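Following: one structure in structure tokens, then a few remarks.
Naming follows writing order (A, B, C, D and E), and every chain is counted from residue 1.
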Amino acid sequence: MNDMTPVNRKLGTMQDLKISARGVQVYYGDNHAIKDVSVDIAHKTVTAFIGPSGCGKSTFLRCINRMNDTIDVARVEGDILIDGEDIYDPKVDPVQLRAKVGMVFQKPNPFPKSIYDNVAYGPKIHGLARNKAELDEIVEKSLRKAALWNEAKDRLNAPGTGLSGGQQQRLCIARAIATAPEVLLMDEPCSALDPIATAQVEELIDELRQSFSVVIVTHSMQQAARVSQKTAFFHLGNLVEYDDTDKIFTNPQDSRTESYISGRIG
Amino acid sequence: MNDMTPVNRKLGTMQDLKISARGVQVYYGDNHAIKDVSVDIAHKTVTAFIGPSGCGKSTFLRCINRMNDTIDVARVEGDILIDGEDIYDPKVDPVQLRAKVGMVFQKPNPFPKSIYDNVAYGPKIHGLARNKAELDEIVEKSLRKAALWNEAKDRLNAPGTGLSGGQQQRLCIARAIATAPEVLLMDEPCSALDPIATAQVEELIDELRQSFSVVIVTHSMQQAARVSQKTAFFHLGNLVEYDDTDKIFTNPQDSRTESYISGRIG
Amino acid sequence: MTDATSNAPAIKGTASSLLTESPLMKKRNAAEARFRMYGVIALCIGLGFLVFLAVSILRNGIPAFTQTVVSVEFTLTQEQFDEAESKMLKTAAYTEIFVNGVTAQLQERGLDVPFDGGTIERLMGKVGGDLRSFYRDNPEAIGVPTTFELPAASRVERYLQGNLTREMVVDGRFLEAADLDVVDALAEAGIITSAFDWNFITGADTGVDNPGGAGIGVSVIGSFFMMLVVLVLSLPIGVAASIYLEEFAPRNRFTDLIEVNISNLAAVPSIVFGILGLAVFIQFAHLPQSAPLVGGLVLTLMTLPTIVISTRAALKAVPPSIRDAALGVGASKMQAVFHHVLPLAMPGILTGTIIGLAQALGETAPLLLIGMVGYVAREYPDGFASGLLDPNSAMPAQIYTWAARSDEAFFEKAWGGIIVLLLFLLTMNLIAILLRRKFERRW
Amino acid sequence: MSNMLIMLILLGLGVVGFFLGRGRALQVAGGDRRELHSLPVYYGAHVGLNAVVPAAMLLFVWLIVQPFVVNNAASDLIAAESASEAGDLSLIMSDVRRVAEGLDLLASTEGMSDAAIAALSVDDGNLRERLAGVGVALGADVQADTLEAAKRYRAVDATGDMLRTITVILVALAGLALSWRLITPAFRARNTVEKGILAVLIAAATIAILTTVGIVLSLIFNTYEFFKLYPIGEFFFGLSWSPSFSGRGGSSELGIIPLLWGTFYISIIALLVAVPIGLFSAIYLSEYASRRVRSIAKPLLEVLAGIPTIVYGLFALLTVGPLLVDVFGQDGALGVNWMQGGTAVITAGLVMGIMLIPFVSSLSDDIINAVPQAMRDGSLGLGATHSETVRQVIIPAALPGIVGAILLAASRAIGETMIVVLGAGAAARLSLNPFDAMTTVTAKIVSQLTGDSDFASPEALVAFALGITLFVVTLALNVFALYIVRKYREQYE
Amino acid sequence: ARDNVQIAGSSTVLPYASIVAEAFGENFDFPAPVVESGGSSAGLRRFCEGVGENTIDIANASRAIRENEVAACAEAGVTDIIEVRIGYDGIVFASQIDGPAFTAFEPADIFNALAPQVMVDGELVDNPHTRWSDFNADLPDAEILAFIPGTKHGTREVFEEKVIAAGCEATGAFDAMMAAGMSEDDAEDACLAVRTDGRSVDIDGDYTETLARLDANANAIGVFGLSFYENNTDKLKVAEISGVAPSTETVASGEYPVSRPLYFYIKAAHLGVIPGLQEFASFFVADEVAGPGGPLATYGLVSDPELAETQNIVANAITMN
């Protein structure tokens, strides 16, 4: 079972900071969901967010590409800088931000369109393909990377909503990587995937890391250990501990981290 | 890591057959999703369905309580008997069937109602509570069992849709067990749950097994091994192998099972 | 964990069989059956009324599409032409010449029943106008025997249709009981026949004494141009306003006010829109009276709330996860709305359009104030601009005017007009209905 | 140059601008569109819109202003004595315009030279006939000053036209060039274009506000006049409505209460008919019926909304009324004597209810259909029957749409006249008996407004007061509905 | 520029105007005038908005223009108005042809049936009558139900003044009111009232609505224009008033008491400006059109015996006053 112990991968040089969050607070109405979280996410790194369900992982993730803007009751305070620019600055165009910071949502949400259109939508609006052939290529590459190509290639025109749960999840991954974002936020991207598909997605994440940053929320400590270089542990809205993944899993500083890690079962 | 090897639990006596499927075929339009599957599911047993994403697990699960009826394009052939009665018999009332065979869906789908109402909905329509106090009790007990009580008790009147992904999943579990079905079909009930919550749900499953049958779809081989007594392995719509869990995991008969199991990672 | 089963006694009791119903289940299934029944009943009531109304409309209106005509050969001499043209009321002169000619001709043929020129005059509809325009357009026909099919008087038509019996006839200047014998004889001789009334579909309104010549064609064109204006304006404006309010407007008191306001506009009586239209479009903007453009503008204002209300409801019904998905791949809000939300809301939008246009098409009250009710629909417009700007009426206004006329033949015309209006409505809605079916989907 | 042509040129420039902008964007990006902030079409649209919109707005304003200017220039030539009054001047000016138009036609059809036109004088005598020859009808012989004014009118108008053409096209070109120059890879073309679209959306929403303002304005002054003539208290609290015939005045009783009561009563009955039938039809169509049945039944029901109200009115008068009398009247089937005549609140209410069915059914059907399948699955999976699912899960989730539909139906009921007049009568009465004849505010607005009464009399002006009162009352109703929706809305996902 | 004549106003005059307009279009090369309906007052209001081509040229009215309307016109610059009387219209009481025998009424009968307060045994009391035979044994034993023109119609004024008020005087109710201390004006007003308990029903719509209501109520009587009745003799039977049966002759001779003149009003300022206006007006009142035997008379207009004078007014554009 050595594949389950954290892999000791070399971190990318920490000097190229990609995302830097300072004193982030999120409220849903009166519910204080994220409490003063500060975190630095490096370039070309995979960062894992772990923590018990409801601790605020998704919420924090959604702050990074301002998806919380769409929730009426949500209120975000604090600063989040990407490449040194405050993304909550009024001058920032959230659209441009989201093009740069892609997202895979926790619940798969394919468009009620064909599989092809689901994947092609992003490249189309961002003008990533000069012609149909290029677009086809992007779609195929994305679906391949998301390990869905084999299942989907014969039914590219079938609606994305008619896929199985795990297929939908992979479709959403394909959709997100099709626009080649600089940062990819993945909220439990493998929750509905079988081990083999999971391995393929993890491979993809590793590949993405060569050029981009990836933030992944996961409940599988093994997965966190396998794919990430840095791990953040959230608890009740607080960022309890944030450090190199091997350090977190072998030598956690905080007793809460300790007990969460050691209480691990899956 | 002994907790990850299949637990060698005694099976319930196999004579009390609960569900018996014979030659089940499911088509989605032209797509042949389930190919001639026959399977017997025992009373007071936990049966795990495993298999790669898109192989038909959810589809077959939905056959058991006739949820496929709601999909226009789906067509089911073959017989499924519960307690010796053919559930596709025209005389069978699918409503009664579904009251008897509860379901937790793969994608959490809380009602746009308060948390309390989400859980109380089933008991109310089935007349399980004589008065408000009894209903309160059912709701509390269900939420406790689904390991959501602590997080939800202060916001029972908040909408269920405002919960985190994992919380929604547990809410759906609570909702399903609140009606005390004889058979509980759970489609990846722990996919969005952290290890501790997962453990609590697994405990719940074990507890339910004392009196009912549980069928669980899972991608986690460990989980299958931990909670189930019987395991069915699906592949491309076929039921490849169905046997005692320990047998499947230690000594699979089919090479496909073998390779799926051995290729396991998460 | 012994209490795992404790909250399930009710189900336990029924655990036996799926084929037997528990008492509660019986009740619930009965409720289900009842509920479903209510649905069927409701639908049947709705459709039943429709059928009833359709049948009575058809029964009353179908006769409007046929016409009783007198077909005779008649020759106009050059002197008669010159003489008639020299009169002030030329058409009356033509009528007189015609009646005299026909009388002489018939007398020559020798009908069994006695009659005179007065009888023939009473039996004919208003023919002078038709004759004059025929001979003015075809001067070469002067002096040449020509066969005419000219409308008979409305009472003759009613008599032949069986709606007017001998007993009911009170001698008067419109008809005398004895005339009916002549009618019978002429019908026998094949001089009075029944024909499909194309003129009803293509013609224009006539004076109250000429039901035989009245047609709805010109007001159909009026309605067409009005609906064009309504569609072209109210659909985009309504949808745009709804998108703004539903997707972009900040949620505050002010937008709440706008929201309530728009719903409230739906309750404003249509005549008040007429007051507004008169003040704004005619008195202020100096648009012409009785113009379909103005009618269209007024009806646009009236239709907007309907479209806005239904569009907003449809937009609200699109699950937020769709918007999230689009925003998540870097679409702008505008793109998310136009690419994903709007297509999903399309069925509701189209429903609003269908209902709004149906309402606009049948509306008369505001047209009264901007001068489209009365004796207006006279000439076909000769182009797009004149279609919008020349005085014209609209179908409902035409129907309304006809229904108010004292000659019962116009009442029939009114019902016939309603049939045309409904056909127009169905044609107009067909595209929307088909489109709506295309856009409908579940997610 | 004709406006049509200018518009076409503008459109052409827009198209050219579009391609230029697109090309420029691709060029500054070195051929790689991925370097650009936005899609190339947005750069194209940016340039195209900048070319068209300001120029079109200028054209629009110019078209409104030019006639005033030209008119002023020409009317100076009209002798003061022949235009002693403003109204006369407008009549003469319309003559001037007609003559000017005729001169234009002479120039274009008979090839008359400008010099010849300038030399024209009324003494030529046959001017009127010549103009008639080119299809310009004149009521009288042309006066000298009219002719001079017409000449001036032509001249100024022609100059104006030329200036307009030049300016508008220049502005378009300037917009094109300036916006073209703005293009750099970093230029946020999409944001600019979207701001434009947002402006359009806001403008559309503003039309609704303007309509409201227009309605209030067109009612308020006359309402004020009315309250100068009639005591406000008696209007709002008077229990009797009996306008006397105008010529006499003074003895009218104009209390709104019976009318409001009638409106309320009839609308309630109509809704009692339309809402259950409509809602159940909608539920049946979207939840139970097959696609085929639905695709036929739904448009059929919608026909009910398109049948002219006069048909419903006659239906009420000739069929429903007598039928109800047969049941509820003297010697009726029930042996009760509740109903005197066929015209009654219930007659109008019933018939109006039928008309309103599609308002409820079609809209609700769409909204119910839009509730995600996952909601149904969740409920059915718990062993709920279909009807329980509908009642407890789907309807609450579809509530805003359904309330909207009901409000629309209620609005329609309040605004209807023909059915009321023929079905319920024109007599205002305050009674609880639904079998009595009553009338509504709207019916009275129409009859007072079109009525044969002196337009400065309270009997006519009361229509405006009624209108505004109704407006306020329905506004309150809508606020209440909004509150209900906000309170009970269940937002899925 | 506008090239057709625009007319608006009375719904009573509309039918005649439409006949003339159609004939005008057929006999002249001018385009047919546009005739809008909407009621006498609405028409006069539009008429008095001012002069200019965006205002109407002619207003139809089923009553004479009122003082205050003339004043309002003058204020808006419409000073020169030509009043054209085109003929007379009789107002008749009719009922279903096979209904009860309503064959003759006196104004007093109508008053007794429809007034809120009537004389019973020399006392002014709230109207107790429910059947016609209650107060006049000669009348049928039928429930009282009358459909009278609503207050939006010009016809209502004639009905009130020539029937109800006359009945009020004839039954002595007027004197009783005066005796009870009312001022003359108040008593006159009170005399014009009709009962509001549902036996007298106001019809705001057209005569066709009244006809439809008679169809649904066998016992009812309705008030119609003479020409409407003449067009529907197969469905309606008419009652004599004060012993005179209504007909074009009796109305023309003035024997039949309930009648009124019909008018149209021309803006003199528009004559010679709007093409065809002068011709239309002359055509309307020409002997061939409005005279006896003309299409208007055929349709039911009671020709004006003094038509020549009217023709003179139109030909010379003689304005009011």
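Definition applied: a residue touches a chain if its C-beta (ideal position, glycine included) is under 8 Å from a C-beta of that chain, and two chains touch if they have at least 3 such contacts.
This is a predicted model, so every value here is computed, not measured.
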Touching chain A and also chain B, the following chains: C, D
Identity of the most central chain, Cα criterion: D
Top-ranked pair of chains - ranking by C-beta pairs in contact: C-D
Centre-of-Cα separation between chain D and chain C, whole angstrom: 19
Interchain centroid distance [CA atoms averaged], chain B/chain C, Å: 58
Gap in Å, rounded to a whole number, between the CA centres of chain D and chain B: 56
Euclidean distance of C-alpha centroids - chain C vs chain E, Å: 31
Per-residue overlap in chain E, given as positions that touch at least 2 other chains: 2, 38, 205
Shared-contact residues (touching 2 or more other chains) in chain D: 190-191, 373, 385-386, 388, 446, 449-450, 491-493
Shared-contact residues (touching 2 or more other chains) in chain B: 95-97, 99-100, 107, 125-126, 179, 181
Interchain pairs in contact, sorted by label: A-B, A-C, A-D, B-C, B-D, C-D, C-E, D-E
Complex interface listing, chain D residues touching chain A: 33-34, 36-40, 188, 190-191
Residues of chain B touching chain A in the complex: 1, 3-4, 28, 31, 50-54, 58-59, 73, 106-108, 151, 155, 162-167, 169-170, 187-188, 190-199, 219-223, 260, 263-266
Complex interface listing, chain A residues touching chain D: 93, 95-96, 125-128, 130
Touch list for chain C against partner chain E, complex: 87-92, 128-129, 132-133, 164, 168-170, 172-174, 205-210, 282-283, 286, 288-290, 368-369, 371-376, 378-379, 391, 401, 403-408, 411
Of all residues in chain C, those that touch chain A in their complex: 251, 320-333, 335, 339-340, 344, 441, 443
